[in-house]
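As written, the chains take the letters A, B, C, D and E, and residue 1 is the first residue of each chain.
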Amino acid sequence: MMFPFLKKAVTNAFTKPSTEAFPCPEAEGLGKYRGRIAFDGEKCVDCGMCIKVCAPAAITLDREDVEGGQNIWRTFDLTSCTFCATCADFCDEGAIQMTTDYHMVGTKHEDLLVKGVTFKKTIMGELECDTDNCIYCGLCARNCPQGAITVDRTTKTWQIDHEKCVKCGICIGKCPKKVLKFGEPKPEGVVFDESKCVYCTLCAKKCPVGAIEVDRPNKTWTINRETCIKCGACVKGCPKQALSMGPIEE
Amino acid sequence: MIQHFPVLAVMLLFLGAFCVEIFGSNNAGIRNTIAMLAATIALVLIYALIKPVMIDGEIISYWMGNWAPVSGYAIGIGYEVDALSLFFALLVVTTFWLSGVYSMSYMAKDHHLGHYYTLYLMLSGSVLGLVMTGDIFNMFVMIEIMTFASVALTAFRNENEGTLEAGFKYLVIGSMGSSFTLTGIALIYGQCHTLNMAQISAQLCTGMTPTTIMAFALIVAGFGVKSYIVPFHTPAADAYMVAPTSVSMIFSGMVNKAGVYGMIRVLYIIFRAMDKSSVQMLVVIFGAVTMFIGVTMALAQHDFKRLLAFHSISQIGYVITAIGLGTALGITGGLFHAMNHTLFKGLLFLTAGAVLYATGTTNLDKLGGLSKKMPKTCICFLIGAFSISGLPPFNGFVSKWLVYQATYTKAVETGNFVYAIVTVVALIVSVMTLASFIKVTQAVFFGQLPAELKKTQEVPASMLVPMYLMSALCVLCGIFYPIVNKYLLHPATEATLNVTNYIDKMMGDGYAAMMGAQNIEVAPVQFSYWNPIVWLILFVIIFVAAFLVITGSKSSRGQVLNPGVKYDPKYATFFSGEEELFSQVGGSDLFWGFKTDWKGYYKVLEGLHSGIVTDYAGWTVMATAIITVCMFIFMR
Amino acid sequence: MILVNYIASIILIVLGLYTVCTKKNLIKVVLGLGIVDYGVNMLIVSLGFNDGGTAPIYQMSDLLNGVAPSFFVDPVPQALTLTSIVIGACVDAMALSLVIMIYRKYKSINADDVRRLHG
Amino acid sequence: MIILRSLFYILIFPGALFTACFGLFLAGVDRKVVARMQHRIGPPLRQPMYDFFKLLGKETIIPHAANKIAFLGAPIIGFVSLALIMLFIPVGGLTAFSGNADMIVILYLITIPGVALIVGGSSSGSPYAGIGISREMVTMMAYELPFVLVLLAVARKAGGSELAFSMEQVANWQAANGNMLFQWSMIPAAIAMLLVVPAEVGTQPFDVAEAETEICEGPLIEYSGSALGMFKLNSAMKMFVMSGLFVSLFLGGIRTGFVVCDVIVFILLCIVVTILCMSTIHAVTARLKIEHLFKFYWTFVAGMALCSLILVWCGL
Amino acid sequence: MFNKLINDSASKSPWLYHINSGSCNGCDIELVACLTPRYDAERFGFKLAGTPRHADIVVVSGPVTSQSKERLIRTLAQVPEPKCVVSLGSCPKSGNVFKGSYSVEAPLDDYCHVDVSVAGCTPKPEAIMEGLYKAALILKEKREAMHK
């Protein structure tokens, strides 16, 4: 036929057009559409994986020292992001989520930046007391929210329950003689439990930075402290729960 | 005293030619003054004839040496200037005067100008003589002088490419045409024992014997050669191209008009064959074929002047078709188109000459963007181009309008479908004419300026003055058409159709009645033409309205930077982001779609125009044979 | 008898046309033109022939003593022929000069080579 | 008084203002119908008016290679001649200026907008425009033959014995014995005319000259601001003029009492014709190549027109 | 004369001119998708124009490769006032994954003032429509500013 679409065109003319009237209703059926990034500062453990895997280097950090810790501002530049969601996959804590919000239109650059802050306390050592200056007044025990300190005036003894202590630092403020202070932060790291380990080398494989070597024949497990980024992937990956995060010696 | 003016004008021109040859061959001052003096006086003499002939309607008859006809027999050579002759004489005089002014500076760079002006005056004198003579052999002698002068002028710049060849072809075909005319005249003389046209036409009223039919056919063929209808058109195309432009303007304005005048004189007045529908059909078919082949060849040309040459041939086709119809409307349309053709074709040749003078070449593929360097020439060219393609406010439109009306009214009255086809062909040819002039506009004036043409300047004033004059005439004839009709066209048409008056004036009253001659009764030209003045007001008013709309919007207007400076990209031509480079679209790469569709036709057509002299001679003989055979069949 | 003249002139004209149309050598073309011209001249002259007529010249004696002039041959065609011969001569002169210059420029006088203006 | 009346005719009713407004409206209808045929909502009907006024507001850039007078004069010449054509076309039986043989005047006035576009394009000095005008000219040559044949056929049919090329005669003939379209011998001519109208206006399948994808809007490439606005107005007015011509040639017979009704009927018929011949073909076909277009017009469409001319000629 | 009408219509018939400065054609297809029946940008008068001279809104996609930089600048200069520039997708604003490559001179802002930027590596047609609509409104302000 000379004009194949003639019949279709004429019927179209009399049927309702298939256009959605603007401002169109939210496009439905988006399902797994990767739209605007939602970043939850709290969940982030600042492991830095997202920055490492982001191809267009759309994620930038700026650290800001704040009393008692550090504010880490993580900005996701949507105008530089390819929305590949690799960062979301690598973020084990699930701090980065891709929403289905596609309205990413901005006249100023700021409109298209997603910022999020994670506060990171500086890791402090355990609470210690300088027993010879302490006058055992018991003020610290009374103000400790967790009730971790017990003071006995008569026997002049000062104990602390490290599990309960959340290192809030209130007691330091209360002590008249300023004898309480946090000790040296014990370095944290991966603690290896010889007994449970079956040397299945799963942790070595999981480690994103390859800090762990496991030698099956002669059953040795070594970790390279510098490269380890304490992301906890090995802890999660170990089937026998042989690994845990905790203070380490050295 | 008025009687002597026609002969005086012709003799003056020949005398001028003679004096220029003697006194002016080395001194430019004398030569120019003599030439222009002769031309101006001839102009004045002929213009003085308008009052008596056109307005009072009287016919000037003048016997050389006062040898009046003795007892009804014409002995001497008689000059007879009726409205038709004067109409063509005015065209002739105006054209060669303007060409004279134009050649003052155009030919300045050439050498041997003494010979140029001699030939120029000879050519003008001979065509003027041809148009006004009443004696058939005198007409033949004038044709011969015209042919010589044109051949010599064609080959004037003999160092250029192709001039000698064009001159030779022109001479061969031209002299074959004149030989046919001479044979025809001889046979006529054998039959009527007189050479005076009026007396011949009176004697032929009784009937056509085989010799007169043969004579009629040969004379028609001879004048056909002179007016360059299709089979004979090839030397014209070459001659117009290579001749100096002031001469090619004369050729296209005057020489082929002389051929057309001869055709009218022979068909209408001497042999009065135009009341036979079959003869009309033959002439109309020749005209239509000329129209079509002329314009299709023009579309395929690469040279500016050769394109104009083929357009002259196609416009002559229009005139011949209109005249071949035999109706009063047809003759009016044909005559008016002949006049308009002289005006706009002359203008176009002058612009071509200006381009040649300024840039040194007329090759369409090498030119471009001249409108910035030569604005005045560009405007004149546009006026000429629009009037030849028949756009309303200009004169081309009016005459084509008359021609279409004439052909289609004829088609309806006679119910003959061929005339309807001729009307369609005429309209299509008009669009093709527009197409080829758009091609020239884009190739020469608009488009981009090639590097080597950067230094072209405008042509000197003495070349521009004739252009302004002609463009003014083009526009005025278009707008004030009723005036032109009343004073020029109507008397000329009356003269063509009113044969008895022509004979009586020449041979003494009652002569025509005695011989039983009668006119061709034709319905008078009745048509109303929308009043151009209203048209003008229309145009102006709406122009103002449009102008208000444009300026009302207070839009800021970007300026045109002078071309020398490195262009700010904002005003640079858009090349899809590229740096501006020279890529002129023009000349042969236009109308690509049309050429591919007509590839077969063009291959055949260009093959036929082979450029070999003997082929052209072959066609001339073949065409004459066809005309003779047709005449014998029709005039029986 | 007069018929022979007409037939001869017609033959001359046709012969001339034949040479112009078919011969490739330009000089032969010019000769052809000349032949056509002579044919036409012959036609014109033989047109004016009256059987038994004498030369169209008045004798002074006849005029003086009023003798009726003898029967003349028609003078007008002879005048025409004169002009036509002159014209024929000029045509040949110009054509040959053109051929000479064409030879100088195109280095050949064969019609097939002299065809730069075509199409 | 005559001057006032003719002024009214020229400027207001069938002349410039009416044609411009109704042309823009018709262009809007065309765009809307094409959109609806493509199953989308499409722009509002007054969209071409917005386009026109927006273009008036924009800056007019004149490229350095352009010839200023021709560049700015061309759109105005086009506008003027289009306004003039409407004066000759009988709008519902009312013709502003009618004279003898004004069909040929219309034929030539219709070529002026094309020539204006061509001169405007070539004066802009761009190579794209060069190709554009070459295509525009070939399109003009293509549709001229059928257009002429149709006009001759209609003139012959309406002319009867003594022939006058005038539109008034056509209008009276149709008033007397019904629409020209219903004469069976004129149907091929009507079809041919329906195909000529889009070519002359330059809508989709035949807009080879202004192909915005291939040669970036052809002749209009260097135009911007008010000059471009005028050209867009011209093309809209051409739509109205050509459909008006078709209606007056073939559908002039419907004649009610008073003039106002006639004008409304005329306008409705124009809309129907526009939808029929421009919008539907635009919605279902793609752009032709230039030599296909030329071949199409000179074989098929011209054939249709010719056969109706022959039929009319045999007195049917 | 009709200034109010002209200013209004400036936002009602914005014509687009699309410049592809090295884009992977993802955004180009999405832009054209806006003109399809489903999203129909023509409702608001959007129309793709063939030349920069006819354009009001210039839509740039692609990370401004060094080849196309010069041509981009020249074409942007040829657009008559009042004009808007819309950057489509992330490439023009930052060079996206091609950032730092030898042939990418990414941020479009160095070369012209970007009025509206539509983020998304291939933003959804609705987002593009929203961006273009915002650009059309900006056009109106520019027209009024230019008119005063």
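Rule of thumb we're sticking to: a contact is a pair of C-beta atoms (placed from the backbone, for glycine too) under 8 Å apart; a residue touches a chain by one contact, two chains touch by 3 or more.
Predicted, not measured: the structure shown is a model, and the values here were computed from it.
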Worksheet item: Minimal path length between chain A and chain C through chains that touch?
Response: 3
Item to complete: Tell me which chain's centre, taken as the mean of its C-alpha atoms, is farthest from chain A.
Response: C
Worksheet item: Can you name the chain whose C-alpha mean lies closest to the mean of all the C-alpha atoms?
Response: D
Item to complete: Quick one: report the Å distance separating chain C from chain E, using the average Cα coordinate of each chain.
Response: 84
Practice prompt. Using mean C-alpha positions as chain centres, tell me how far chain B is from chain C in Å, no decimals.
Written response: 31
Worksheet item: If you average the Cα atoms of chain B and of chain E to get two centres, how far apart are those centres in Å?
Response: 58
Fill in: Rounded Å distance, chain B centre to chain D centre (Cα mean)
35
Worksheet item: For chain E, what residues touch not just one other chain but two or more?
Response: 2, 6, 37-38, 40, 43-44, 51, 53, 78, 80-81, 147
Worksheet item: So which stretches of chain D touch two or more other chains?
Response: 35, 38-42, 53, 56-61, 128, 216, 221-222, 225
Fill in: For chain B, residues that touch 2 or more chains besides their own
552-553, 556, 558, 570, 572, 574, 576
Fill in: Chain pairs that touch, as defined at the top of this document
A-D, A-E, B-C, B-D, B-E, D-E
Response to the item:
Counting only contacts in the complex, chain E reaches chain B at residues 1-3, 6, 51-53, 68, 70-75, 77-78, 80-81, 146-147
Fill in: Complex contact set, residues of chain D against chain A
33, 35-42, 280-281, 283-285
Item to complete: Give every residue of chain D touching chain B within the complex, in rising order.
Response: 6-7, 10-11, 15-16, 53, 56-68, 70, 72, 76, 79-81, 83-84, 87, 97, 99-102, 104-105, 107-109, 111-112, 115, 118-119, 122-131, 133-135, 137-138, 140-141, 144-145, 148-149, 152, 155-156, 159, 161-163, 165, 208, 216, 221-222, 225-227, 230, 289-291, 293-295, 298, 309-310, 313
Worksheet entry | Partner chain D, residues of chain A touching it in the complex | 3-6, 9-10, 12-13, 15, 17-19, 21
Worksheet, complete the sentence: In the complex, chain E touches chain A at residues 37-40, 43-44, 87, 90, 93-97, 99, 115-121, 123-124, 126-127, 129-131, 133-134, 138
